[in-house]
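Heads up: the structure comes next, in structure tokens.
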Amino acid sequence: MRRIGVAVVGAGFWGRNHARNLRELNETRLLAVCDKDEAKAKAVADLFGVDAYTDSNKMMKRQDIEAVTVCTWSTTLATEAMRALRLGKHVLVEKPMANNIHEAQKVIELAKAKHRYLMVGFLMRFIPGVQRIKQAVEKGEIGSVVYATARRVSQWPERIGDVGVVKDLAIHDIDITRYLLQEEPVEVYAKAGSFRHKKFEDHAQILITFRGRKTAYIEANWLTPYKIRKLTVTGSEAIVSLDYTTQEITMETAGQTLAPRYEVKEPLKLELQHFANCIMDDKEPITTGVDGLKALQIAESALKSARTGKAIKLKPL
Amino acid sequence: MRRIGVAVVGAGFWGRNHARNLRELNETRLLAVCDKDEAKAKAVADLFGVDAYTDSNKMMKRQDIEAVTVCTWSTTLATEAMRALRLGKHVLVEKPMANNIHEAQKVIELAKAKHRYLMVGFLMRFIPGVQRIKQAVEKGEIGSVVYATARRVSQWPERIGDVGVVKDLAIHDIDITRYLLQEEPVEVYAKAGSFRHKKFEDHAQILITFRGRKTAYIEANWLTPYKIRKLTVTGSEAIVSLDYTTQEITMETAGQTLAPRYEVKEPLKLELQHFANCIMDDKEPITTGVDGLKALQIAESALKSARTGKAIKLKPL
Amino acid sequence: MRRIGVAVVGAGFWGRNHARNLRELNETRLLAVCDKDEAKAKAVADLFGVDAYTDSNKMMKRQDIEAVTVCTWSTTLATEAMRALRLGKHVLVEKPMANNIHEAQKVIELAKAKHRYLMVGFLMRFIPGVQRIKQAVEKGEIGSVVYATARRVSQWPERIGDVGVVKDLAIHDIDITRYLLQEEPVEVYAKAGSFRHKKFEDHAQILITFRGRKTAYIEANWLTPYKIRKLTVTGSEAIVSLDYTTQEITMETAGQTLAPRYEVKEPLKLELQHFANCIMDDKEPITTGVDGLKALQIAESALKSARTGKAIKLKPL
Amino acid sequence: MRRIGVAVVGAGFWGRNHARNLRELNETRLLAVCDKDEAKAKAVADLFGVDAYTDSNKMMKRQDIEAVTVCTWSTTLATEAMRALRLGKHVLVEKPMANNIHEAQKVIELAKAKHRYLMVGFLMRFIPGVQRIKQAVEKGEIGSVVYATARRVSQWPERIGDVGVVKDLAIHDIDITRYLLQEEPVEVYAKAGSFRHKKFEDHAQILITFRGRKTAYIEANWLTPYKIRKLTVTGSEAIVSLDYTTQEITMETAGQTLAPRYEVKEPLKLELQHFANCIMDDKEPITTGVDGLKALQIAESALKSARTGKAIKLKPL
């Protein structure tokens, strides 16, 4: 089997995880790791026996690199993604993909112009339980979907990021509820604020309304004493719940509670494998640039709603 | 010990429960039961060996009746409560207390003018676990409260009521979150609608914002396949959850999950006992007419928000 | 529908429960209650508006009494059962049925000679979850049964009985494992002793071996800090567990955990209804005198094993 | 800090795990791996960049090797342990340590004669939850211990071993219950047999009695549809349960259920670290050769009891 030559931009926590999985997968060949911080770049590159770079432009010029995964800080994701696209690479960019909608749109256009695949790293979609819920929704196993609720809360994160809790945490559930409810959101109302964090919001409660009256409610914060990552989809025939941490799902109907047993899998491995397979088989990834753009629009509207105290209508993009 | 002579207006499901408890309590003496439907009135009265009436006015003229509990349909609660107050009785009126804010205010004023106690039947407050959570909040055991979420969903109710899911179900959680968060709500945003019910909304998602930025999110519906009644209060130090059905609570902190074991108690018995004790000891009940009024205001604002698609500011009452 | 006229012998905790259910059932007519303690007899009789007796012989001579339920202390169960049989009544006798095997055999013979039904009050069989497990075993849903384990432990009982924990608690699980494993026990090994109780054993661990090599392990005590009543049946294809207290069952297979939702039912009501139906339809009860006898044999063998430190072979009865 | 030079004998599943941990620990320096199967030895040695041997004798002659961990098949554990001891190495030998009591005694004597540490790989003791339970028992948090029950069951194991379920699985719980109950066992009664396996028993139920009347009941099999590894210790004041798989513990008292939150740790890492620390600090390991010997005696007595149908008294060793 052919292997896709891949390089990783950003050698922090997630960059290291990308590198490890790209090395272990049969579908990919890890070729290089880049980070502005030379020590970091070298540390990760050495661990996996590949080349280290501090200049991503230089690295990306290598012809054996077909694809790049971008794991830098939120504020430079779009810049690095565009650099890679310009050099003809396929790109997997971490969420939230860009600093704003405008920038996200430019990345999407560039990918289109260059005929390269652009995938956004919505990791949650690759958890087997999410796929099981998706299937349950599509097959009508849960009846008519009424709403979804998601809870993604934790203690203060060790690393202080360059975005708040909406673009860092809630964006996962924004994407997942769009994905599972299979409708476009039309309105967002949110409350967000900062109890402890100086620069960014540290808690947010977001109520999204979809075209067909379904709703999604998302809680995200960095205030609660321990980590909870849960999703519930309520339908007329069943209530399906997922614990993202244990990957366990339960399906509750009028007659029973059922918990299928799954092999726990590392979603990042499945995500990177999917990315490689899309390139090899020439097919669109399941999390596209447009998914990233729409999630970003909802995240920004949530922040705007929290600032203005008003419900925000979502313009079609 | 002196016993308070009590009569029950309304001999439906709840009226019968009131009558049974009033008969069993040491603090009360059940004297009479009234219902427009003579058969219903007689059935309940016979069961407990008391007098049956079809005319509440006639019943309430009895001098031995000191207090009345009103368990009629929602639309006649205020009328019956006012009738009892006019005749000098203390009144426990079921939620939602009145058809609208204006009517609720009139009931409150009448109670004040007549120097009689007016209690609203917010049953949930009398569940031991709610009192335990209240205590945890007050003692700071859960740190700073961030928000509360409540879920009160069930299958289609057998009896079609004369109000929708907001005034029938959500009103409980409106009251409980006000009670536990210890702040006044300032804004309500809600989505509600009807997937199956003809006359009234059958599902609602309500986001309430309190003065100090805390929020409460309430889900209520008659669409889900089985009954769930849950409450979660999230604080900076602990997350406290209550299952209203089993009366079990859990307190999750960074270090542990703790589930105190309680004796399951019938909240209605505790509520009626409290009502009797307030009369005997001449003290204000913990669920006053004003609590009923405020809950009604929030419920109506939620319905208005759902109709208009706007967040509704709450005027001080 | 014809109703069976029934009287209750013994007006303690269980006698009162029998009386209440016999009064509520459509299949039975409660006629009288008897207890040597006149106050007790009167209290229960008055509650349900029937006649009180202190002399069971006198009561049982009434012609309108067709059947008798015996809820006295363990040591007088057999005496009262035989008295009732001699007077031609059908008998439901509480476990442990008799003081010893010999006495139990005499009760069985008398019932046979008098052509009357003799049922032993193994209440657990009437819990819907036990019936569900029985069905699962019979249909092969759990594959080949390997063994069962049961745990019936609690704090010190308020009423000090006249038997130890083996005949009071473990006997339920002795009967249930016999019932579910569908084989006759051939050997019993047990440890039992008294950490706190003066007269009787307060804890016992019993390992029963059945003909086809299946085993059952039963833990019973009055030492543990709170009440647990659990049963697990392990098969080659599934593990089925029942919580007797909540009546919830779970079925765990390689692929899933499934918890059917049941309406909680009072097993005593179902037991008394079954007794009445057996008399009316002239059919053998599902818990016969022989079941009582065999459970007693195992209980006594367990106590003997604990005394002698040896495994006891069970002689066919 | 000085590092202990260690070699691993046996490059199967467990040998590979030993090697990985010995390489990662700061306390140890992995020097060599040995296996009769050259390919296996090389595979593991290459993975961690150390030397591969097929002759353990040759490997153990290296002066830089201070300690050896023995992870071979059960039947050769004692031989390899003695070879290492003779050459002056400290030894960590996997359970069940030896083929029989006699052999185990010889290993212990040799370690004593050579003044070398001999540790037996009872991995379970190193699970943080087991240490927490040990502490609870010692501090009297659970009151007087009444008994322990353990359940270690799973589907058919992929690798067919050279011992049955008693020496492969149950031996863990034999050691743990001895460790936690803090008394010496005096009697063993067991049932064991083979429903599917040809050569060895595939299920066993073992009831162990300790000097002070406490008991332990152990279920082990390779027949049940999925993996369960649980321990419950019942005391007069609390019931403590551990799920070995998730490492979660719960402590149930009359008043509450408490589940402390722990960081999940790899017990093998802690075990190997302990082994290295004992050598460095010149102190006895917490799982000695005598622990291995006693567990083996109980395991063999259980098998003998199952063969003979009798309870076996344990002779002091």
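For reference, chains read A, B, C and D in written order, and residue numbers begin at 1 within each chain.
Rule of thumb we're sticking to: a contact is a pair of C-beta atoms (placed from the backbone, for glycine too) under 8 Å apart; a residue touches a chain by one contact, two chains touch by 3 or more.
Note that this is a predicted model, so its numbers are computed, not measured.
Visitor: Among the chains here, which has the CA centroid at the largest distance from chain B's centroid?
Guide: Using the mean of the C-alpha atoms as each chain's centre, the farthest one from chain B is D.
Visitor: Over half of the interface residue numbers used by both chain A and chain B, so same, or under half, so different?
Guide: Mostly the same residues form this interface, as more than half of the numbers used are common to both chains.
Visitor: Upon optimal superposition of chain C on chain D over Cα atoms, what rotation angle is obtained, reported to the nearest 5 degrees?
Guide: 180
Visitor: Which of these, A-B, A-C or C-D, gives back the B-D interface, meaning over half of its contact pairs coincide by residue number?
Guide: The B-D interface is reproduced by A-C.
Visitor: Rounded to the nearest whole Å, what is the centre-to-centre distance of chain B and chain C, using the mean of the C-alpha atoms as each centre?
Guide: Centre-to-centre distance between chain B and chain C: 42 Å.
Visitor: Using CA atom averages as chain centres, what separation in Å is found between chain A and chain C?
Guide: Chain centroid spacing, chain A to chain C, equals 58 Å.
Visitor: Would you please write down the residue numbers of chain A that are in contact with two or more other chains?
Guide: Within chain A, the residues that touch at least two other chains are 226, 254, 261.
Visitor: Give the list of chain B residues in touch with chain D in this complex.
Guide: Going by the criterion above, the answer is residues 254-261.
Visitor: Of all residues in chain D, which touch chain C in the complex?
Guide: 143-144, 146-147, 149, 153, 155, 187, 189, 191, 193, 195, 203, 205, 207, 209, 213, 215, 217, 219, 221, 223-226, 228, 234-239, 252-254, 309-311
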